[in-house]
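Order of writing sets the labels: A, B and C. Residues in every chain begin at 1.
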């Protein structure tokens, strides 16, 4: 059991600029938490503060009800996998894995048993006598993970553990990490800059930018209800399409009008939000590429109405496999759509697409916040 | 004509080697062979080989207790110097491995002995160790005649040499420490290791490649110590500091027994070579990364 | 975000004041621990450093002591009446200026010579192909194993028979190249791709020009390291100058200074003043060149 709580944690090196600002998070046991964000966003710094490798400038770190700000790294009972693996070069794989147990003076036969168990689990039994210099990147990675899982620490910390591997190996290790998490039943805190890793592995994702948490939520909600334009653009590939639109009311209905003659109707709860405060204002519309659909797909989803229609000029069709990405322009705006690869598309011609306005996001152009309320807040507002 | 140019071009390649090779030939290869040659002869006072005696010079060395003494003294001396100078260098390097205010001054101080000449160092030690006015006796409140007492003389020369050689060892070890990846210390912290465990399990093994190199260099250097002995003890008292190099010097330039001195030179060379080869053999087996 | 902060349940129930107090106490403790660690480190450094420098510091101190002050049984680490007399007298007793000039000439020539011969040889060993390259290189490396003292007698006899004793040439010539220098430069040259040499050749650049205009500027740090190391070692040479110099006009400082050692037993302060003066050049060059030395010696050459 472990329960890690960060409360208003800040990190500053020069007392003026903050590398991490007001980081607050509760991590219940067995969660797979991902810190994701562009480089320099403070995600690694936060992880290192939890590990005890960096001092916490202000705020509190609680591990299992104990204030841990000043507890030394070696006494926190965590284990960590580093980006460069940090294997001890002078020790064999076996000794590397046994290190954390040996310095705790555990009985030899027990250590031996655990090393072999972990090695078997990771498929590195045949490497136990080798030294790190004689291992490939993927093997080093496994040894690093193996060393980390020898103990049953309160949490595993992983600092971009897959970033030094090639794409294929990375995909493979991702699956294995997910399996491992299920088997070990322990909290994992994982830092990455790769949104795919974040989405596939995490049970909870913390998106950071410039030392500030942008959103902390489940992968689904982060994807479907990004808190602001940054999160919306960072998560998901290809990125979300953004269009500047005017909020207009016509014949009792609310429309978003964009450059290139695009007029899209907004319905339901979203319509109410817009009607309340935003009529006549300029807003940013965000649409995921898969929510721009060709006619066949759209009719299957029953969104094939004129009020959802938009016309665009196809600049390029990128064939991916089952799908194709259409890179298009609608005059001033460049947009991307994800359509089935069998959809008939002619390049350098106009195409009619249908927007799934149910899934559209609308952002304030100045604060860049999502003005559509998140489901969480709706519930809370109801109870308050 | 073309052929001549071609040949010139070929010859040009060797031109770049000529300066070094000529000097090596005159002052290293030739005297090396000449030393072996001399060691087989009896010589006159001018060092000219006069009478072929075969291995007689070696035989008389091997039956001479004074020679065994100087071999033994040399080994003792080398052992103390190597251990001492490496320990001092390592101590300095470890103390300077973490940044703190004034680190530049300290690291310069630790490396400084390498700029001190053996003769200057010996003169300084001579005063420091002086039985009546020496500061060491005053500080320790003893009256030991350091360099004239057979019990202490060798240790004094060895300590002086260790001090002189510690400077460059400091540089070697500092470089070695700098080569150790910081993140393995971080991993060790998270793994639960304390400072002592980190030092013995990570720092020392991490230094082992450079440690080996330093050991070889130190041993070779220690075998060649001369100025210290010449100025501080002249091989005495008795023959307690009669290192092999000093013994060579004395045999050749005081006793004019060039043949015997040459034989000792050959022995010195053989010992150094054997030690070096053994160490490389051991290294191949020991340090695997 | 604000929602996250408010939903956090505090694991144990501390009141705000208790929390504040706990924070302050732990903070103070951590700060104190850090202070103690840092102070301990600096103190240790001070002690060891003082121990290591003690012989030098004491020498400087004695050099400023009137000789009467040294000859007491009382503790006398620092001169009570500092004087420059020892330095002045040292100049009178022995031709120190001459010795220093000799040493500068000898050490300077050796340094310059080694840089030239070693870079030429290293160039051949790293960029050119010729018969016997590997054998020659092994031979050069093997010389590192031969202790200089093992050949010194034969060398002495050689230069004696050539009538070169007591000349500058005999002081300089044997040290004009070094296996270590060749090795160090070669190590640096090997980091350059052979295509650097080939493209220079295509541009019509001769070998010598290539060395002077391209290789040497690129290996400044190695040359700096070599220069500092060689100069200090040449300045500190002892056995060879002792054997081959006989007259004051050719003596180097290390031999010259030991003359003070034997002038008369009463002049210890004088002797140490002399020692201070001859150590100053080598130490200043060391301090100035320390960075270059470390950069050059350890960036490519000695890596495990």
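Miscellaneous remarks
By our rule, a contact is a pair of C-beta atoms (placed from the backbone, for glycine too) under 8 Å apart; a residue touches a chain by one contact, two chains touch by 3 or more.
Bear in mind the structure is a predicted one, so any value in this text is a computation, not a measurement.
Chains B-C form the pair joined by the most contacting C-beta pairs. Put simply, the chain nearest the middle, going by average C-alpha positions, is C. Using the average of C-alpha coordinates as each chain's centre, B ends up farthest from subunit A.
If you average the Cα atoms of subunit A and of subunit B, the two centres end up 60 Å apart.
For the pair subunit A and subunit C, the distance between mean C-alpha positions equals 54 Å. Subunit B and subunit C have Cα centroids separated by 16 Å.
Partner subunit C is touched in their complex by these residues of subunit A: 3, 5, 7-8, 22, 24-26, 60, 62, 64-65, 67, 69-70, 212-216, 227, 376-377, 380. Residues 1, 3-5, 7-12, 19, 22-23, 26-27, 29-30 of subunit C are the ones that touch subunit A when the two sit in their complex. Contact residues of subunit B toward subunit A in the complex are 181, 183-184, 186-194, 197, 201-202, 205-206, 208, 288-289. Per the touch definition, subunit B reaches subunit C in the complex via residues 10, 12-14, 16-17, 19-21, 23-24, 26-28, 30-32, 34-35, 38, 46-47, 88, 91-92, 95-96, 98, 100-102, 105-106, 108-121, 123-128, 130, 132-133, 135, 138-139, 163, 166, 171-172, 174-175, 178-179, 209-210, 213, 220, 223-224, 226-227, 230-231, 245, 248-249, 252-253, 258, 261-262, 265-266, 268-269, 272-273, 276. Remark: subunit C residues 38, 41-42, 44-45, 48-49, 52-53, 55-56, 58-59, 62, 70-73, 75-77, 116-118, 120-121, 123-125, 128, 130, 136, 139-140, 143-158, 160, 173-174, 176-177, 182, 207, 232, 235-236, 238-239, 242-243, 254-255, 257-258, 261, 268, 271-272, 275, 278-279, 282-283, 285-287, 290, 293-294, 297-298, 302-304 touch subunit B in the complex.
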